[in-house]
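Just below is one structure, and these are the notes that go with it.
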Amino acid sequence: MNTVLDRIKICYIGGGSRNWAWVLIQDLAFEKEIAGTIHLYDLKESAARDNEIIGNRVMAENNRGRWTFSAGPSLEDALIGSDFVFISILPGDFEEMAVDVHEPEKYGIYQSVGDTAGPGGLMRALRTIPQFREIARAIKTWAPDAWVLNYTNPMSVCTRTLYREFPEIKAFGCCHEVFNTQKLLRTVLEEAGAAAGTINREEIKTRVLGINHFTWIDRASWKNIDIVPYYAEFAEKYADKGFEAPGEKNWENDYFSSAERVKLDLFRRYGLIAAAGDRHLAEFCPRSWYLANPEQVREWKFSLTPVSYRIENRKKLEAKAAAYRDGKEKLLPVHSGEEGLRIMKALLGLGNLVTNVNLPNKGQMPDFPLGPVVETNAEFSRDNIQPLVSDGLPGDIRNLTLHHLYNQEGIVEAAFGEDREKAFRVFLNDPSIQTLCRDQARELFASMTAKTLPPRHFALGG
Amino acid sequence: MNTVLDRIKICYIGGGSRNWAWVLIQDLAFEKEIAGTIHLYDLKESAARDNEIIGNRVMAENNRGRWTFSAGPSLEDALIGSDFVFISILPGDFEEMAVDVHEPEKYGIYQSVGDTAGPGGLMRALRTIPQFREIARAIKTWAPDAWVLNYTNPMSVCTRTLYREFPEIKAFGCCHEVFNTQKLLRTVLEEAGAAAGTINREEIKTRVLGINHFTWIDRASWKNIDIVPYYAEFAEKYADKGFEAPGEKNWENDYFSSAERVKLDLFRRYGLIAAAGDRHLAEFCPRSWYLANPEQVREWKFSLTPVSYRIENRKKLEAKAAAYRDGKEKLLPVHSGEEGLRIMKALLGLGNLVTNVNLPNKGQMPDFPLGPVVETNAEFSRDNIQPLVSDGLPGDIRNLTLHHLYNQEGIVEAAFGEDREKAFRVFLNDPSIQTLCRDQARELFASMTAKTLPPRHFALGG
Amino acid sequence: MNTVLDRIKICYIGGGSRNWAWVLIQDLAFEKEIAGTIHLYDLKESAARDNEIIGNRVMAENNRGRWTFSAGPSLEDALIGSDFVFISILPGDFEEMAVDVHEPEKYGIYQSVGDTAGPGGLMRALRTIPQFREIARAIKTWAPDAWVLNYTNPMSVCTRTLYREFPEIKAFGCCHEVFNTQKLLRTVLEEAGAAAGTINREEIKTRVLGINHFTWIDRASWKNIDIVPYYAEFAEKYADKGFEAPGEKNWENDYFSSAERVKLDLFRRYGLIAAAGDRHLAEFCPRSWYLANPEQVREWKFSLTPVSYRIENRKKLEAKAAAYRDGKEKLLPVHSGEEGLRIMKALLGLGNLVTNVNLPNKGQMPDFPLGPVVETNAEFSRDNIQPLVSDGLPGDIRNLTLHHLYNQEGIVEAAFGEDREKAFRVFLNDPSIQTLCRDQARELFASMTAKTLPPRHFALGG
Amino acid sequence: MNTVLDRIKICYIGGGSRNWAWVLIQDLAFEKEIAGTIHLYDLKESAARDNEIIGNRVMAENNRGRWTFSAGPSLEDALIGSDFVFISILPGDFEEMAVDVHEPEKYGIYQSVGDTAGPGGLMRALRTIPQFREIARAIKTWAPDAWVLNYTNPMSVCTRTLYREFPEIKAFGCCHEVFNTQKLLRTVLEEAGAAAGTINREEIKTRVLGINHFTWIDRASWKNIDIVPYYAEFAEKYADKGFEAPGEKNWENDYFSSAERVKLDLFRRYGLIAAAGDRHLAEFCPRSWYLANPEQVREWKFSLTPVSYRIENRKKLEAKAAAYRDGKEKLLPVHSGEEGLRIMKALLGLGNLVTNVNLPNKGQMPDFPLGPVVETNAEFSRDNIQPLVSDGLPGDIRNLTLHHLYNQEGIVEAAFGEDREKAFRVFLNDPSIQTLCRDQARELFASMTAKTLPPRHFALGG
């Protein structure tokens, strides 16, 4: 572990990103305790080059962070000597994602996101796992001691792949869904009388457990206040009509927003706080509950995000990137609230941090099998992560969750074994696919694999 | 453990049975090595009295077995001093079972049996568990060292209840579904050329694993012959058209028969031999596979057994019982092929026996949680049972199975806690109920509980 | 959990203590965020009355802490309504402890402390467990929701007893041995060049694992500095001659000091930092290593603390207590460095805290059986403790440790079952007793139990 | 799995054996159901050649078994196409074994056998593991589907090595110590009045658990008779004076006999029947119990087998072998009572068999870690072994046993890692070595390794 705090090297795989990469640039602009270089690596090298220019400009303009950005075509160069590796890639392109999300609609299967559970999540996994195996091998060869932060979905499957390919890897998965839930808990307290703006998100302490995007909070507090009773009141008040946050974005005009009805409904069912967006949560539940058809989705006040929207949005981001690159617009440094930087600093020894994170289960989820990736709190300290042992999930949620966890294990095995039949059997076990008869399921599987799995990535046996 | 082999005492709870009780009488008629008394206890005392007469007459007429039957109203008397306790009861009556099976049909949920999985199985469990708790307490008080053979469904839940109420109980569950599968394997060998009638069912060696009624065989042999490749050929030949055993009974005229299409289909999916009747297997699978609607059931060539048939049949059996009792007809001694007697003798030290049995998991299913009841092979020896460690189920079957296992655990917890809401949450997690929206599920649950759960048996809180 | 921060109630069992009770008084004198009452309960009521007077005087004189002390003869009164329960008792008296420590010397078995491992620890356990069962039952009845901080040795066995008697108890064990090791690590850094006095003990971050008094640190850092390489240098330098801290107290004139030779020797053997005093560590190792005879102990530069010294010292403390009580001397408020108060505040929601603590293993020691009490780091937050999952101990230390852990389990079982023969079998398994032939062991056991186990506390069967 | 029962191929590694090889020849002479070839492989090829001649002669003379023996220098030839592989080798020679057994005597450590536990067992393990790794690799390459029967000591460590090197191997360890105990149980029944000669050893049913040479029986019966109460009487009668079997061999004139005092003493301590010879059992206990010095050994009425005796005996066996080879003496076919042949037949499908066997723990010892080799009952059936789940050992025996089990794990790790320091740390943890101070232990370790570990077999690092 590097202890020369002004010569940190970060390798950013997917460094052409116009989302996390910009967040990182913005956060680093404020950073004074550590400094170094960020090597941006991307299959689309020009995008990485843009970010090199953007990053260096932000540093130059704000003279606080002392970081140098560079982009290049060699993953080896990017990795060698790295203290940290970020992975934030889009496996395939939005064309493949359109298949993930919209092909199943022909069979009456609707997906609000389509990147984690359901047929879309499984297909995305099949496409991503071979890439993550390559990445894991590269890290094993060139940066075996680096800490690896994964931001790519499907989070559990990708992180599991890294460990399966290179068991000694020091990797974990970061996701901000829990933070959004903590913000909602702040809102709950404000609804109950706390003065607006007095509570920081970090002060909301939550006991996190479960798996990514079907994550739960079984204890929540702010200082000496137990938040759960207030949340119960909040659920009673808003579960039926929905809670619409003030501001411009709401579920009717924003594909990523919701009225929290799914979350509050799950609380009324199980007494635990679901800690992910409604769009993700719905996909883990029996499809008859929230995703039976587009009308039901509307009733529950969330959205089926069309991939066409993502394609549109990408064009805007490309234009934005060009504007930043060419100096026509400025990327302003703001604190993102993301914890990537705080986690890196904790791993360097600059202040321990307890937060939620995705890691292979080695006991933190006592009622789950050891090995698969789960999400709980963990303490980050110098060159060390230790997950906190949770009390486990109540039986009913555990049963819903394990079904997906075992399917995730199955899809990883199928992908590692390049075994098409095994992948299909896992597909059959997905709760939404279970509503189809086998012939339909076979047809859908065949059409999705044909359109999204290029032979080079997943040479499925026959 | 009694070692005076001619003074064995058996307590038969549900001793008015016109099925297992008669089988036992018939088997005991041949038995020369052990002798003693059978105390028949039944809430319907007159039926037990009938069996007392029938049993004693069979013994008198055949002068081989030396057993005395007696019936009486006191469970305490029946239990005290017992070496063995048989439990074979019908929880509730066929009126309740009619609700279990047919009420869900109003919501498009079809059940071929309705006594193990699905809404019917769960309701039957809620009704049975309180009775089994009472039985366990009685055994704890009056016959704590007796070996307890349970024949009652839902098998796993009932056996689990006995252990949960009285952890030191020496109980296990017996089911003949695996034997039927072994007979099918014999047929497979005969189809492949073995001379008919030369193979005994007991010579077919099978490695059994799973849970009751969703049991599997991952290795099968007869002498030095591996049966699996022959079964694979058999499956290819008959999976589509079905295999109709010669003889009178087939799926079109007998509610309990099938053309084995489900079993062979599952083999083609998973490569393992499913070891229960198609009617049971189908209920553990996603409902879209075999039980989507009555037409689909017909295509798969098995039956939705109507409870009206059972009610009809009971009348015939009542008449039969009266005829036996009054000496108008004779109950002839035949070897049943059931293993109850052989198991008792093994427990007395008269020859070790390896067979399949339902027991709490203490390691025999290494990939399942410890505690819940599973079905595997076990060795019976003097005052001892030891389950055999299996290799575990393949991931996809394991996932299907664990879903039910955890639901069974949930329903036991709900019943022990007398917690209506918890029971409903388990109900919601049943794969067939998952096809309903919550309001429908709530409605169905309410109507089923109202009709089948008398307050004295399950004083649901809430 | 009480949220009225100025009405906290603490019940102190063993409240006549002249050690921890005074530390608590001193710490509370500084405390401004919480306030309330401390009920001192002690079998020796006059000692508790003294502390009532002392405590109230310290509060009055320093007008910072707002706490009221009271003493009384009723445990019920002391417990009812308590938010926290401290347990710090001496099981039996020093007369019994003299037997624990010195009787085995007649057989060549030397003990440096005699309160945790070895014959002394086992006898003390037999004496203490019945008292802890009573305490656990009292807490179950009168303060089931209170958090229970145990300070009594043998720590693991006492804490285990609380959970075994009342599984829902919210108890944990606190011990300062790790803190002393952290102070040594600070010294190591100072030896390596860090300016003296610049490093706080709390800034030394350690990854703790093992069992109480045979606790280990497998990772240690200060800010971005890895301490382990410096510790290795320190061990090379001092392992042979010993490290004598500057100041008055050293191993030759103070029974509680050592020259750290055992600790450094264990580091050279195993590469891990032993995190308890040499006197404790030596008792967990094969007796030939450090405790073969008094001469060897002197070579290793630590002491066999004679109980006569404790008796002497008690007289001094009694005089001190009288002087405090009568106002002839002042108990000055100083920050103790103990974490009891910080832990209470964390449990009230006033700042999360990660520190080492003794808890039943529920996964934090992955290679240890679940249930027995282990020592690792844990996070304290509002009404919650979550242990951190460790990486487990290296095989050789694990083997040494498990031997004691299983013996501790055995002694708890023997005491719960009041089974003298079982207790003797555990005694036989102690590594130091294993050096005796059985007749000698039997004789020693008989004489120790005769002298230390009053029939009312441990009605041994047999 | 071969199903052509008259073309079985057995590869015998260590085929020059003058013990097991002859037993196998004698047993095969009676065998009518299976036939084939035995390839004898031995580093000492001439001994294998002798056995080739002897084996073929026995077959020719008795015209019952139809087996051909052949010897040759190529392990590859011997393995290819094998259905079964026997491993029965002497790692190193008796010169090395003399060091194992007698070098520690210089330090007051006496060993009755010196091949399993204690310093001798550990040294033998270090020497054997590299050879077993080679054998495992050869089997992986040339006979990966063969069933492997290991007869070599140290049994647990050798079998563990096979699995660690080639996890898919179908290997198990056979040992006859339990059979001898079953014969003693027969004697117990005869002492209690059973007519001599009426009970077969195979009719004695025992529930076996533990590890090889420290194996236990917690349930024993003959037909419907519980043997344990008779054993308890027997123990009371003979524990003090010893039981001397009628006949010529007794502990005073035969190095391999004992008066069973250790076994009966252990029964009185723990209530379980120890199922190995006293010479083995004593080595697993604290050395002060039975092996403190030669006088104590005499009191307990067993022997310290000197290696000089083995060397003498070998000469006699060599002469015997020459006589058999040259036709001057006849090796007569007798049923050995060993189960190797019955096990092979069971694996071929010719009759299931339950017997005790050494296998990696996959749940059969529920309170032991998974992976290490344990000894329990298992069912052998066609191409299948399934261990029977035991109830686990009582706490005190478990603690004694686990100490050795973890040391065995440690020595395997040290040997695989070729790590001298790790091997020494394990050595230090042996209960007999724990009586030495570290310098003595280091000296003994150095001298033993120098004399017994040729660099080619164990290139210890460091």
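Worth a mention:
A, B, C and D are the chain letters, set down in written order, and residue numbers restart from 1 in every chain.
By our rule, a contact is a pair of C-beta atoms (placed from the backbone, for glycine too) under 8 Å apart; a residue touches a chain by one contact, two chains touch by 3 or more.
Predicted model only: the values in this text are computed from it and were never measured.
Under the touch definition stated at the top, chain B and chain C share these contacting partners: A, D. Of all the chains, the one whose CA centre sits at the greatest distance from that of chain C is B. Taking each chain's centre as the average of its CA atoms, chain B and chain D sit 43 Å apart.
Centre-to-centre separation of chain A and chain D, using mean CA positions: 55 Å.
Each chain pair that touches appears in this list: A-B, A-C, B-D, C-D. Touching chain B in their complex are the following residues of chain A: 269-270, 286, 288-289, 292, 296, 367, 369, 395-396, 398-400, 402-403, 406-407, 409-410, 413, 422, 425-426, 428-429, 431, 434-438. Taken in their complex, chain A has these residues touching chain C: 1, 3, 5, 205, 207, 219, 221-226, 348-350, 352, 354, 362-364, 366, 377-379, 381-384, 386-390.
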